[in-house]
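Please go over the structures that come below.
In what follows, chain A forms one complex with chain B and a second complex with chain C.
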Partner chain A sequence: MKNIFGLLISLLLGVFIILALDSSVSFPEFGSAVISDRVSDNYLDEDNIEDVGSANIVTAIVVGYRGFDTLGEVTVLFVSALGVALVLGSSKKQARMDLKFKPNFMLRIGSKVLFGIILMTSIYIIFHGHLTPGGGFPGGAIIASAILLMYLADDKFRSNVKGFKILEGVAGSLFVVIGLLGLVVASYFLQNFLPVGTVGNLLSAGIIPIIYVLIGLKVGSEISGIVDNFLTEEESL
Partner chain B sequence: MTAYDIISLIIGVLLLVIAFLAINSKKLIRSVIYLSALSMLAVVSFVLLKAPDVAITEAVIGSGLVTALFVFTLLAIKRRETR
Partner chain C sequence: MIQYAAIILFVFGLYGLFTNKNVIKMIVSLNIMELGLNIFIISIGFVYDGIAPIITSTSGSGLLYVDPLPQALVLTAIVIGVGTTALALAVAKSIHNKYNTLDLGELEDIL
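For the complex of A and B:
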């Protein structure tokens, strides 16, 4: 009875959603949207590429035009990491949680080889954020997944949590400092005050690569801290 | 119907089926694995929709980090229950 009732409700809701979206003019058919009358057309304009200098248009919008929103996004991630640390961490000495599985020799050594490769990939993705898909957020998450691999493969491993916290604070502060420099040197917060250079070069797009490296470090250290919080507990039991 | 349409249709139906399995499976660990598979298929659909930035992020966070955190949480809960 309960299942039939649930099925009925979900079917009804599905019909309502389809009817509401089908008759709406704000949802054109897939592929037939006219973007020339949208705000995004200003950003996708080819003349603007010379101003921003980022070949990847997503990065141009995320860090170039909407840098302040990105600062807010980084703050949201910081607050969530803080919440995890408040709930799961404590002031006493932390030790690795005993999960009743022992990794063998091959896994321990093999994961160390993989760790380097994954770290290289993340550094590539962060540094090429303004040229290819990716950037600070995915790159930082890949750093954290490399740390997670080390935690998985070695039941005694603990990363340098204090160093991560310092790195995170420094990277976050430098982000704000670069924004304030834009306010002082140029006219508004997070303005691109460095020369843009040739579009498509590694050293181009002004402050965008610098900010993305800082975001990558901050996100990587934050998520590594969350992983450490999840896998440790108070020592005395 | 082009090949693009057919692949999109298959991916879409698979997404729905796996989402249903993730909700309805009896064991929690199976739910987590289905969720990981769902993220993996979502990555394919993001690539088909020409959003590689979102696809990279989804691949790392959705199917990597979140799955691992869920699995570790389940292991920790199980350990606490046996004690």
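For the complex of A and C:
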């Protein structure tokens, strides 16, 4: 009975959404959006691209035009990591959870080799965030996946949690400090005060790559902290 | 057409949220809803024959790019989704630690 009720409500909602979107004049059909009518036309304007200096326009939006918004999003992630630590952690000393299997030689060595490769990939992705697809958010997630691999392959492994917390705090503070420097040196918060350079060079786009590296470190250390919280428990004596 | 698929995914997630009593399954349903919404937002910016909004050395003027703004919004939304899912799973884990069950019906009987 309850299932049928739920099915009815969800179907009704789906039909309403589809009908409302179908009859709306302002909603474009799939694939035939007119970009020149939208805000994005300004982002794709060649003079504006020269001004911002980031070859990857998605990065230009995330860190350049909407840098303040991104600061808020990073704060949301920080708050959720804090919530996980609050729910799962305690004031007592934490120890690794038993994984109920013994990692053999091949698994331990192989995971260490893969750890390096994954970390290298993530650093590449973070540093080229303003040139190629990727950037701080995906790169940070890849750092955390490398840490997760080490945690799953070896049930004695414990990362330096305190170091991650310090790294996270420093990266977050530096983000705000760079924003305030924009306020002092130029005219508004998070404004670019460094030379832009040539579009497409590694050293270009002013503060955008710097902020994206900081975001990558912050996201990586936060998600690694979450992984550590999930795979540890109170030490039972 | 993909927009309809995204809406159907969203509806599937909603149905799962209504009918499941297991906490983990509810979190999975929430993630499916989020996935549908993300696909929907991305699909708004799609243009036929449009290329990824990245300037390369070969690109001159008059190229057709897809809309970069929805992509930028979804990029951050995915990471926030990871954060909220982690928080939900943490609550689920602490429920399991305390009451040894993940089913909301059984939990009601215990409390």
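Of note:
Note that the second predicted complex is superposed on the first by the 222 of 237 C-alpha atoms of A that agree within 3 Å, B and C clash if a C-alpha of one lies under 4 Å from a C-alpha of the other, contacts with A are read in each partner's own complex, and residues count from 1 in each chain.
Convention: contacts are C-beta pairs under 8 Å (C-beta built on N, C-alpha and C of every residue); 3 or more make two chains touch, one makes a residue touch a chain.
What you are looking at is a predicted structure, and each value in this text was computed from that prediction instead of being measured.
In the superposition on chain A, contact is made by A:Pro133 with both chain B and chain C. Of the two partner chains placed around the shared chain by superposition, chain B is the only one that A:Ile125 touches, whereas chain C remains out of contact. Of the two partner chains, both chain B and chain C are touched by A:Ile223.
In the overlay built on the shared chain, the residue A:Ile142 is in contact with chain B alone; chain C does not reach it.
When the shared chain is aligned, chain B and chain C each come close enough to touch A:Val58.
When the shared chain is aligned, no partner comes close enough to touch A:Phe68: not chain B, not chain C. When the shared chain is aligned, no partner comes close enough to touch A:Phe16: not chain B, not chain C.
Common to the chain B and chain C contact sets on chain A are residues 56, 58, 133, 135, 137-138, 141, 223, 226, 230. Taken together, the chain A residues at the contact with chain B in this complex read 56, 58, 97-100, 125, 133-135, 137-138, 141-142, 144-145, 148, 152, 223, 226-227, 230-231.
Taken in their complex, chain A has these residues touching chain C: 2-3, 5-7, 9-11, 13-14, 17-18, 21, 28, 30-33, 35, 38-40, 43-44, 46, 49, 55-58, 60-62, 66, 69-70, 73, 76-77, 79-81, 83-84, 87-88, 131-133, 135, 137-138, 140-141, 199-200, 219, 222-223, 226, 229-230. Chain B contributes residues 52-53, 55-57, 60-61, 64-65, 68-69, 72-73, 75-76, 79 to its touches with chain A in the complex.
Those residues of chain C lying in contact with chain A across their complex are 1-4, 7-8, 10-12, 14-15, 18-19, 43-48, 50, 52-57, 61, 64-69, 71-72, 75-76, 78-80, 82-84, 86-87, 89-91, 93-94.
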